[in-house]
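First comes the structure, then the notes that go with it.
When the chains are written out, they are named A, B, C and D in that same order, and each has its own residue count from 1.
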Amino acid sequence: MSFRRTPWVIVLAGAALAFVPQLGLPAFYDSLLYLMLHWVVLATSWNILSGYSGYFSFGHGAFFGAGIYTSANLMARHDWPFLWTLPAAAGVAAVLGVALGAVVFRVKGVRGELFALLTLAITFVIGTIVVNTPLDGGNGVSLAAVPVPKIGPTPSATFYLLALAAAVATLLIAWAIQVSKFGAGLFAIHDDEDAAEVLGVPTYRYKLVALAISCALAGMAGGIHALFLSYVTAGDVFTITVPLTVVLMSVLGGTRHWAGPAVGAVAITGLLYSFTAADHAVAGKAMIGVILIVAILFMPDGILERVRRLWQRRR
Amino acid sequence: MNFTLPSLSLLSQSILSGIFVGALYGLMGLGLSLSWGLLRLINLAHFAFAFLAAYLCYQLSTMGMDPLLTMVVIVPAFFALGAGLHWVMVRFRVMPFNSLLLTFGLTGIAESVIQSIWTADFRKLESSYAQQKFKLAGLFVPVPELITLVLAVGLTFAVWAVLRYTDLGRAMRAAAQDAPVAAAFGVNQKALGLALAGTCAALASVAGVCLALSFTLAPSQMYAWVGVVFAAVMLGGLGSALGPLVAGTVIGISEAITMAVTAPSWAPIVSFTLLIVILVLRPGKTA
Amino acid sequence: MKTGKLSGLDRRAAVAAIAFAASGFAFAQQPSGPPIRIGSTLALTGPLSATAQIHKLVGEIYVEQLNKRGGLLGRPVEWVVKDDQSKPDLARTLYEQLVTADKVDLLMGPYATGAILSAMGVAQRYNKVLVHHTLGIPSLAKYDMQFPAWSIGSDPATTVPNTLFDALAASPKPPKTVAVVTSKFPSIQFMSAGAREVLKKRGLTEVLFLEWDFGNRDFGPIANRVKDAKPDFVWVGAIGLEGNLLLDAMKKIDYLPPQHFYLYPAPGPLLASPDARNALSATIFEGQPPFTSNLGAAEFVKIYGERAARAGFTDTSVETQAAASYTAWQILEAGVVGTKSLDDKAIANYLKTHKVDTLQGKLRFDGTGNFGDDLMRIKQIQDGKWVVVWPKEVTAGGAKLLAP
Amino acid sequence: MRADGPTPLTEAPLRAATTTGARGDVLLRVQGLSKSFKGVRALGGVDVEVRRGEILGLLGPNGSGKSTFINVVSGHFAPTAGSIWFEGRCLNGLPAHRIAGSGIARTYQIPRPFGHLSVLQNVAVATMFGGAARNPAAACRQAMRWLEFTGLEDKAGARPDDLNLHQRKFLELARALAARPRLVLLDEVLCGLTPSEIDDAVALIRRIRDQGSTIVFVEHVMRAVMALTDRIVVLNHGELLAEGAVGDVMKRPEVMTAYLGKAHA
């Protein structure tokens, strides 16, 4: 696939998918697809810093949560219209990320697992602040009274279209970074940060920009999700679930390609969804575990890489 | 945040409580740290192993066995389980972050197994130890927690001594640092890896027994420990034997003091801010 | 499509009528025709599953009983239940699936606050009646056709603490000083905040107020601070295990509060704990007179006990969760039977204008947010059993609040 | 790591054109350069000038500060004291990537290729960030030329792990050159190579100079030092010991002492 064809494929696929609400399918497909795209945005945004540059962050929940609470508070307490809160959510998350990165990325020793730990700790710190201040206060924030803008024919379709737009934008950004000089620099940082710096890669700035982009996208996804949930509680947001899930999705799909996390997100969301029948709920959970294990044993470089190799062999 | 000046007995009793819970963090973290640092495998299933062991301990105890005696059965069983898991990991050459995914799958399976055998209900082991406590220098010392502390400290130092003073331990550390060189010196890495992975799982099962002694169990509770134990492990330094206990105790005590002097709901911020400060100021030289 | 369905209904109704006539009045008729499908989700896996399994068992029992009685409108009832994995966003999606893809006839609510609100949003968009089990914060219910099965009234944060302090005031040792310790779990914190207001108004002294983060593990320092404060009475705003953990921690420092109340404890383990004697809690139902003379209660308590034991539950008694769950089904059945239709609007109107006879007694839904009376009762662990001790009219055998 | 003595070399072909170093203006001026690690002094006030177009050999026994010198000049470590001037600009306090951007490239003694990138991509990264090419496509085209220059063109698609040491050293060189630096710092590129590989490498280094780059060259292989350098600088205990043409300097008694110990003085 040539370089320049990819963005058109992403945009056209997005445009085609935008017609799904018009197909007359039962409305819940919009919600299901929304959930998938929501995770596509989160996993892909995580991958921009963590997959490309190798700085595995366990703090994605913090930035996602910052977006949720920014959006929720602006809507519930300051009567902002929903769509206007989204840039604010992205902005707050990005500022938070840059503030963290500006300190952390200056410290040479904080790499690998220490970076993972630091970002995990940030999640709990922010969660504690949110639950102990009027941002949440412990009672959660109810958004039942906030109107959903009429972008799609139904509220669920609106969320779906918003997430679709976010996913298309995120994938375009992830692709553009991967094929750019910026991306080359991030991949070099992944393998040997010192050597990259000496070759001229502005490692500090690159990491900071990648983190800012990653956080902004996660914050935006959080902003949309706040209204989708319509009732947000700190206990559900600032957990290890979000970072763990995005790591799993990205690793399953493949972290060295812009599309990998998206593939993983669709696969895992689909997998979780396909075991919701109550009679086999517990067995279903075990089944998901088995599938994950088999996938990682037989596709260690991710689904995408595996498919690519099969494709090449065929040709 | 209102600060109140605590009484001395309140403060010391709280610190003691922090030490006890910190010891459990350390005990749970010990095997995780060894596996992560020396085998380069991030074993999320460590928590599942601990809970599985806790439930087994609960089961055997309700059938009349002494909870501590159940370790005779549980520990070897988990040693085998851990070694078996490692065999699979080696066979398929699983990379560190892939191991996270794989063991996450395993954790889900373990949770399902627990839920289908023992239901999602809360289970509390009512052992003869649960009621026992004694008073020492004005402080109450509950026996189950004391058992946890003794096991945590004992096992931590035992592992530390083995790693530091025995050929086996030196070989393990060498293999972790530079596998090819270690292989060149005739270190049988495969056997070592299996033994170490088995030990880690065995340590998880001991932590599980301690868990059963002093906590109420529920299948999904296993995730509640992940964050804080990961923190203790990473703060303590991967592969370090003493690290998790030291870091776990630091976290436990700092949270306990916060709870004693101000609103308990602020406790996580103190321990995790402390952790961030340590990381930023002294990266790589923790514990 | 619509007309076809209607005529089908008519035919079925006719068949049912004939069957009814033929079988006589003494025996319930065999339900016939296509089943009425009732859809809901429960958190069967994940952190909320401990309570969800109660609701699943209750639902199964009720649907079985219902079908044995002849189903609804002569048709058999089928319960379509899905696992929302304790995730509110999945609950929303699954309710949409139930409504738009599975096209269930009626909805039944889930049980946790987050999931209930998710389901309520869907119900509102599709104009479905939603009867829900245990919504802890009534003010969050802003939908016209939602009906609470847990009769805590529209302002439980005031009424429930008042009931409790009434009970304490009538006890042999009315407390003067109170410690309020509470989890920051939304539905808990809300009640604890109300309790603080109430005790202030009643002239009691608050000697300690502490909040902990949901998921706290080390209760030692909290127990110590309670002990230091020497309160006459401790309000423990705890959910699930937290009450036990705090009690364990108190025991470890050789302390037992003179009087103590637990808001939403996991009932089994608390009962099993030897230190929980005299512990108070709130409930809407207990398997004892006079509750057992309420509609369906005696039979349900018996069946639930058997089935819960068979399923391996630690606690086999019927209390708030199981009772609220059973009540929800009774409300839905009353609505359908009362209107003889599956029309959501009609059912909602009927419920708002009629009292419904349930496990908890007669319930009304004409108050703020469709909430009726606060039927929360105060119970106490006495001799290893929960005994209702307040208000007097629902106590059995002269049971009284004991104060050591 | 060997500390080869100053064995006189006889291979004539290697020595040929090197003695005629063009005496240009000063490209790099290092003044009073010091570097300490937690109080342990690795460099103690070194003054060195590198002239445009020359090959300067940097010699000294193990631990004399040669590698530290390269690490400080390339920005890997910040100097404790002293100043570094390159083409008349002061480099003090600049991050490593800015130093690289101003025209200084280096190699590592133990090659540090980017393990997950192909050989071509490894060089392309250097091309892009050295400022020689703007977009990735142009960078790849240029990188291919550098692979041809170093004889690695067949390996363009391979992973660094699939290369042997010799090839990895050449990849290291190709990466350094791809940025089109005016000054190349070579840290023991010949260490660990076989004699015939050394001959290849020496020829390559000469071609690099012919391209117009100035070279500072840390090396123990005296044969190559003799063959390539115009001047040498000898460090000992972090201080400048001697400076001059290779033949003269290696005969000085203090240099012999430093290399071979007191007995030989």
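Structure notes:
FYI, a residue touches a chain if its C-beta (ideal position, glycine included) is under 8 Å from a C-beta of that chain, and two chains touch if they have at least 3 such contacts.
None of these values were measured; they are calculated from a predicted model.
Following the contact convention of this document, A is the list of chains adjacent to both subunit B and subunit C. Farthest from subunit D, judged by the mean position of CA atoms in each chain, is C.
Of all chains shown, the one whose average CA position lies nearest the global CA mean is A. In terms of their C-alpha centroids, the spacing between subunit A and subunit C amounts to 37 Å. Centres computed as Cα averages put subunit B at a distance of 49 Å from subunit D. Rounded to whole angstrom units, the spacing between the C-alpha centres of subunit A and subunit B is 30. Centre-to-centre spacing of subunit A and subunit D amounts to 44 Å, using the average Cα coordinate of each chain. In subunit D, no residue touches at least two other chains. Counting partners per residue, subunit B has 111-112, 115, 223, 263, 265, 267-268 as the residues that reach two or more other chains. Those residues of subunit C in touch with two or more other chains are numbered 45, 184, 211, 213, 215. Pairwise, the chains that make contact are A-B, A-C, A-D, B-C. Looking at the complex, you find that subunit B touches subunit C at residues 6-7, 9-10, 13-14, 16-18, 20-21, 111-112, 115, 118-124, 126, 131, 133, 135, 140, 142, 145, 214-216, 218-221, 223-225, 228, 252, 255-257, 259-260, 263-265, 267-268.
On subunit C, the positions that touch subunit B within their shared complex are 45-47, 49-50, 52-53, 86, 184, 210-213, 215-218, 220-222, 224-225, 227-228, 240-241, 244-245, 248-249, 251-254, 266, 268-269, 272-274, 311-315. Interface of subunit D with subunit A (complex): residues 74-76, 95-98, 100-101, 105-106, 108, 112-117, 121, 124-126, 128-131, 134-137, 139, 175, 179.
Taken together, the subunit A residues at the contact with subunit B in this complex read 56, 58, 103-104, 107-110, 113-114, 116-118, 120-125, 127-129, 131-132, 138, 239-241, 244, 247-248, 251-252, 282-283, 285-286, 288-293, 295-297, 300. Residue ranges on subunit A touching subunit C, taken from their complex, read 26-32, 34-35, 128, 131-132, 137-140, 142, 144-145, 154-156, 225, 228-231, 233-236, 272-273, 275-278, 281-282, 284-285.
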